[in-house]
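Naming follows writing order (A, B, C, D, E and F), and every chain is counted from residue 1.
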Amino acid sequence: MSVLTFGEIMLRLKTRDHERFMQSPFFEATYGGGEANVAVSLSNFSMDASFLTVLPSNTLGDECVAELRRFGVNTDKIQRGDGRLGIYYLEAGANQRPSKVIYDREGSSMARAKVGDIDWDNAFNGVDWFHITGITPAISKSAMELSLESVRKAKEKNITVSCDLNFRKNLWKYGLQAKDVMTRIVQYTDVVIANEEDCQKALGIDSDMTIHGGELDTDKYQKLSGAVLAAFPEIKKIAITLRESRSADINGWSACINNRKDFYVSAHYDIHDIVDRVGGGDSFAGALIYGLRTFDSDTKALEFAVAASCLKHSISGDFSRISVAEVEALMTGDSSGRVQR
Amino acid sequence: MSVLTFGEIMLRLKTRDHERFMQSPFFEATYGGGEANVAVSLSNFSMDASFLTVLPSNTLGDECVAELRRFGVNTDKIQRGDGRLGIYYLEAGANQRPSKVIYDREGSSMARAKVGDIDWDNAFNGVDWFHITGITPAISKSAMELSLESVRKAKEKNITVSCDLNFRKNLWKYGLQAKDVMTRIVQYTDVVIANEEDCQKALGIDSDMTIHGGELDTDKYQKLSGAVLAAFPEIKKIAITLRESRSADINGWSACINNRKDFYVSAHYDIHDIVDRVGGGDSFAGALIYGLRTFDSDTKALEFAVAASCLKHSISGDFSRISVAEVEALMTGDSSGRVQR
Amino acid sequence: MSVLTFGEIMLRLKTRDHERFMQSPFFEATYGGGEANVAVSLSNFSMDASFLTVLPSNTLGDECVAELRRFGVNTDKIQRGDGRLGIYYLEAGANQRPSKVIYDREGSSMARAKVGDIDWDNAFNGVDWFHITGITPAISKSAMELSLESVRKAKEKNITVSCDLNFRKNLWKYGLQAKDVMTRIVQYTDVVIANEEDCQKALGIDSDMTIHGGELDTDKYQKLSGAVLAAFPEIKKIAITLRESRSADINGWSACINNRKDFYVSAHYDIHDIVDRVGGGDSFAGALIYGLRTFDSDTKALEFAVAASCLKHSISGDFSRISVAEVEALMTGDSSGRVQR
Amino acid sequence: MSVLTFGEIMLRLKTRDHERFMQSPFFEATYGGGEANVAVSLSNFSMDASFLTVLPSNTLGDECVAELRRFGVNTDKIQRGDGRLGIYYLEAGANQRPSKVIYDREGSSMARAKVGDIDWDNAFNGVDWFHITGITPAISKSAMELSLESVRKAKEKNITVSCDLNFRKNLWKYGLQAKDVMTRIVQYTDVVIANEEDCQKALGIDSDMTIHGGELDTDKYQKLSGAVLAAFPEIKKIAITLRESRSADINGWSACINNRKDFYVSAHYDIHDIVDRVGGGDSFAGALIYGLRTFDSDTKALEFAVAASCLKHSISGDFSRISVAEVEALMTGDSSGRVQR
Amino acid sequence: MSVLTFGEIMLRLKTRDHERFMQSPFFEATYGGGEANVAVSLSNFSMDASFLTVLPSNTLGDECVAELRRFGVNTDKIQRGDGRLGIYYLEAGANQRPSKVIYDREGSSMARAKVGDIDWDNAFNGVDWFHITGITPAISKSAMELSLESVRKAKEKNITVSCDLNFRKNLWKYGLQAKDVMTRIVQYTDVVIANEEDCQKALGIDSDMTIHGGELDTDKYQKLSGAVLAAFPEIKKIAITLRESRSADINGWSACINNRKDFYVSAHYDIHDIVDRVGGGDSFAGALIYGLRTFDSDTKALEFAVAASCLKHSISGDFSRISVAEVEALMTGDSSGRVQR
Amino acid sequence: MSVLTFGEIMLRLKTRDHERFMQSPFFEATYGGGEANVAVSLSNFSMDASFLTVLPSNTLGDECVAELRRFGVNTDKIQRGDGRLGIYYLEAGANQRPSKVIYDREGSSMARAKVGDIDWDNAFNGVDWFHITGITPAISKSAMELSLESVRKAKEKNITVSCDLNFRKNLWKYGLQAKDVMTRIVQYTDVVIANEEDCQKALGIDSDMTIHGGELDTDKYQKLSGAVLAAFPEIKKIAITLRESRSADINGWSACINNRKDFYVSAHYDIHDIVDRVGGGDSFAGALIYGLRTFDSDTKALEFAVAASCLKHSISGDFSRISVAEVEALMTGDSSGRVQR
């Protein structure tokens, strides 16, 4: 049995080093997208993972399939359709200057896909875990409808569903708000992954409502996760990532999980020289799914996910390139960065 | 008084050297497009040139304006609108393997522009020559209507109109055929620029109808140009480029002109190690406009245009980067490529 | 049923552009090797292909598997063993300066593999065509013994065997001569692929013995192929490639086939600006196998193979990146290299 | 009305990444120079800015003009003259290893320019603010005389004059000391920009004279700025930048202003991963001029200048590439470096 | 009189920036190895230094000699032999992800060299200081025997011997343990250079045996160095480096020396943005040898060595590229990283 | 006994690939100059060679010395002086577009060197062959005087003198014409190297005076060389290179020699894909000196020189990187460019 992730994969065009857009006439060109990133993470951990998307029938689509296959992701379920390959442009920030993303996803094959285009019986064949994010329903009305259909079908088949809320303010342009849709999607979701802003913007759960002066941040997150679980009884567990953005290069990184029985806060990592933080959240989601499927302890799954995503910040590109052994080395305390030879 | 060119400018994403798409994770990123290329050529020749287009209101649009300004092109008339920046992907061929272009222009700001979006009185202010190509009417129905409007308005203002027919078989997807539209546009055109295929596909003039075995190629082109002039009495002059594609690296290059009085065939150039032939035709158009406006002889204008575009084949990128002095050195016979020091 | 190829895959370290070794502190790093190149060609043509080799158990071995998987090659049969990843260093020549290869294959996992290390029943499962070359028996005594075992086992299972003789004078250092071994291997081979030097050095068949002044080159190759077939009755067909090396950049390219009934010489291609000729012969072998399995005509298979390998000369890297459609376009006469847009 | 800046612009040849000179055979080649950097900053903020210099009549001079034009700087006043293009070589330091600059400016067109070469009536046409630095008078005797002429002429025309003292110990080789000249230039200057070393070396005002143990640094800078204003009654305002160089990568950054009425110290920024600090002071000067011309508050102008120049440390190259909106986002507190998407 | 260092020099293949192995198809290719790095450091300090090794007789060996000669290292004693050029692959870590080295040294010319291959009389001609490390005896049995021969011969000739213990856990594969060999080598050694792990793994001196809770780290190192000197009476001085690995980018760096009379701890440096720490220890060894030969004070030699190796962390590549003047500037307190212009 | 060459070595700044100046923000940075190129060629052929020049006392000068040392050139005689490092900018042409050189040599340390600065007794110690070119006397009046002094002193010491006339029209700016000076220098020269233009511009010998219609080109060159020998009785031999520039990429290449007894024309080479022709003439000069000193036949020396310089056209950079074995392989007929493996 394997994990299926579903969403859009894009061409990622990043400027060289820390250059601003078009500062020199070059882009680094790779592929990436939240759900594909999760599939790649799982595959890197040697877990069976398939990715479902709709790609254009041209060489750029073919090469995207090939790149996923390189990582061992099962690409047999990928469909081809009308439209273009979505793109996101990325300019890497530094210090007080933030990284910038320009989305160019309109008219993509995935954005044009609609209910009826995907044969879910085939898609879910051999699948016992399905992962989706809040990005796909944000890109177009038809993709939103397809997203709702996907989780409904998954539930009918008793497949575990995880959803990374992933609120993106520059998408959601077709008329509906994130909250309108995501509150429906989580009704079919077993495991929710989110950050504080996602809870507010995608689910309407405000983190500040019950927080008073003297309380610890930990309390705040326990209350926030509890509020989500209270509002959406179908959710079994919620994991929340805690990113402290001190600058484009320096972040604190940790997470917590609430499984309705226990609330647990992970180890905390200081990351001082971030190589690439895009995809960091996805590497958390991928590693959490791996952990929840592998370990008998939610807390161990959480620690695995935080360590894996901490390491992702040292990797350029959307895709994490970290092994289980490397994550476990960090989990067990080796964060010294000593040369291994 | 100055020249105005009108059309779409795109981000050009070219693979490194002769690599196939995504063979390594890099693209060379520049800007280009037939009509912008003409404006740049004119500006390189120190002739006043403006470029009119519609660009998105984001950094990629801003940088496009900056890049045109770098060449001295007047960008004051450029408008901003909804939509995305058009893209074309380019893979450089070699030998028997042809170069490949993937257009990604759907939904671009230029493709979305429509009649009424452009204030032609302002656009044509100070302009006495207007240049358009067969590409703009091919990208969308609204761009086609805008193209027709543009030449009608230009004629009303007694502005000389030139049109490079530039047939592109992978565009023209909105329902009309090139012939349906281009036969209307040339009715407002003083100077037509074309190759043999353009005459056939865009104007319906077949070059083979009257050609017999023993005739020279020259005769064939004289008859072809005569047939166009006969079919479209509004056209004053037609210049036809003659590219002999022996391989992706080796081309013969020459052109002819028919001004209803005389027919003239230019010098012929052998180009053995083509650096970049994309934009070669545009550099011909730009140099021809320069020549027709500068010299008192159509034949000298033609020779200037052929020499300029021969040199363009040694320049990477859509934009020609050739000066009048360099063109004149080649026209007067220095094709030895000796080091200048 | 699918094709299995067996041999060594190496890290290929090539200098930048035309630089000499260590002229600047960079290498292009890809993977390649005759038999892997054949598997990649077949996979590019959408034919099921597996590659069998022995790789070291480290990240460089893992990435090699991933890269093959990227092309769709089945890597399930690849084994891991002691030893290192073989390397070949490549310096690209130009004009009268030849390209240079430095082999660094001693002690590689493949060179250390020995009879008994490979379970041929598993390796040949689902396989109906097996491809080997004269390189593997040249790298070490144990690899030679394994090569002999492989073809013997293949014949026992009624698998079609093809062998590219591929004589390499800088290998064969363990005591035996190419002729000692290859004359034994071809006794188990249905389809031999060779050039003139291979016939002489690997099989001891001298091409000049019966050639007289007035004869055509074609006659010479007919006689050479006939002599091989006469000497080795087990061989069903032999294809010989004809490379005219005029310089490092300019080659003539054609081939012939002798299937004991007919002798056929292919179309001839002039290649003027070679991007990379390493792997050219392998792309011929791969395309010939594809053609012999796909078409009902040996001559069509030959033309397909020559056109495919002509196109390979425009691709950097050992691996061909050419589709069936591209080969067929060249076979049917389009060698103009015109931009496709 | 617009701002005119006057000085030398050079070719900037920087090693790759953190490499030492000639560690690999490459230089990043851009243009830069204190006064040009100020003009580019102003142009990025959409303020009319012209740059006046003398460049050689060759392609390198032409491309320099084009590059300035790319940023929207008015280049109409740039003159051509004898001599060469000045160069500065830059090696980027790291940690305890400082960046190194090798000046190669002798014999440059700007260094050779002399009184009488520039028609100041034309140069100052439409100008209401003139900016100069202490670098130009340091490069040659004739450039020093021209600098003095420039500020005298500007004052005659009631143009506001700003001067960044910019002491460079490796220049000033023609016989005079910085103090000899700069004390005369500031007599024509309304706004002085300096750091502590500049005050001492260029104006002879020693910052330590009146500082006692218990005083705050702030007091020290208030006294220093007060001493300058006391010594040079023509100066209306002085802004002093406070760089705490902890290493080549980590700096503290703030500034203060004394306008004879108030003394104000800006916000303080910690910059941990400096991409390029060359041009940081110029981006402060440019933003201060923008601020003083735009806002009705010297303190807001100062905060704008400090925030803008903080952001410049994240940009490679002499030229700042920061918009007003980005500066204002930082001024209003967003220094988190969160990805903007 | 000059210094001779003896050991293996390898091709160093490093991934671009912080990329993982084969993330993009490029390697930075330089040369390096502990003993060669020491010779280069000495040569950079203008001290006569020769390097002795065995290289293969091919272009890669020739270029290695040329590269050493570039730095002024005397290469006349380098011998050629059978075998290949050793390689080490390097992947640069970041933050919590450590750098990784893959050694590919088996079968190298140095590993194959054996007692009798080197004429020590010639090798030691003009030499009064000999430097070796614990790496050479780790690569093969014959190299171990050669290492023992080298120090015996050196002692016979009254040459001062220094040895950097340099324990590498992934070498030592031929049967003996580091401790078996290194305890014999240090019996011929005057100056030992080590870190804490080296003392334990190579000499069997455990640093924790006598350390109690309240003691200072300094005490611990004094005891450790004292224990080594007690165990090996032939050693005259031991220097121990103290690296605090906080992450792959951030290290603390200092050292101590025990010359049987005094124990001295150096200044401490915080290094926040490590460019390349490989070769850091070698630059310490080289600078210590320089210092001990140049200054009349062991403490000054130690401070010189620590400052030099601190600066090495800002240089990419194995070879330090630091001058005496630069080291002395840091020793005398200038660690501000201010631009030098 | 060894060869001494004397002249200026410059930083060579070349655009990437075939780019025009500043088309992208990069230069390839190497060193080169006619006389240094000759010394490097000789050193590559394992002949003792020293280079004499004057360099600035900065890092760029130091690295220049190191780079020469890398090739084994003896740099002990190089002096340091005031002034800057000379530069030449190079833009690589293609096809009909010629390569362009911009000299930036004014004020260089070599241009500033004057009679008295060089101790010729030391310079000529151990030297039996001295090589100079027509470039050094062209860069400044003092360098011209130094050039004359050098050849006079060499003759006094019975050192063989060779001179490559190397006329450069963009130098010679200090008042004298090439002819004024070079006719004096050749009076001290044993071996003159030239092309047709050099004979005319530097020596005033016009090649067309006695050439009639039906004569062969060979006759023309025999007459030209004879005319030079007749006019300058001190010259013992003259070698003339014959470059047929068909385009920037395609040249014919051969040479002839006249030693007052015989006139001999070399083999002729077609070079189709020139990688870099700058330095081609210098590689001829270096190889000719090598040949005249090594072989007992002037014709063999000439053939060696032509083959060596033919191969240089495949090498990027001023410096040839060709071995004796490679030259001899080409001389004996292997121009096929076949891969060597």
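Simple rule for what comes next: a contact is a pair of C-beta atoms (placed from the backbone, for glycine too) under 8 Å apart; a residue touches a chain by one contact, two chains touch by 3 or more.
These numbers were taken from a predicted model, which means no experiment stands behind them.
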Mutual neighbours - chains that touch chain B and chain E alike: A, C, D, F
Pair with more cross-chain C-beta pairs in contact, given B-F and D-F: B-F
Chain whose average C-alpha position is farthest from chain D's own: C
Distance from chain C to chain A - Cα centre to Cα centre, in angstrom: 43
Where chain A touches two or more other chains at once, by residue number: 20, 25, 66-67, 100, 272-273
Residue ranges of chain F touching chain B (in the complex, touch as defined): 17-20, 23, 88, 93-101, 103, 168-170, 245-250, 272-273, 277-278
Chain B - residues contacting chain A, complex: 13, 20-22, 25-30, 58-60, 63, 66-67, 83-85, 87, 89, 91, 100, 102, 104, 106-107
Chain E-facing residues of chain F, complex: 66-67, 69-72
Contact set on chain D toward chain C in their complex: 24-25
Chain B residues within the chain F interface of the complex: 269, 271-275, 310-311, 313-317, 321-322, 326, 330, 334-341
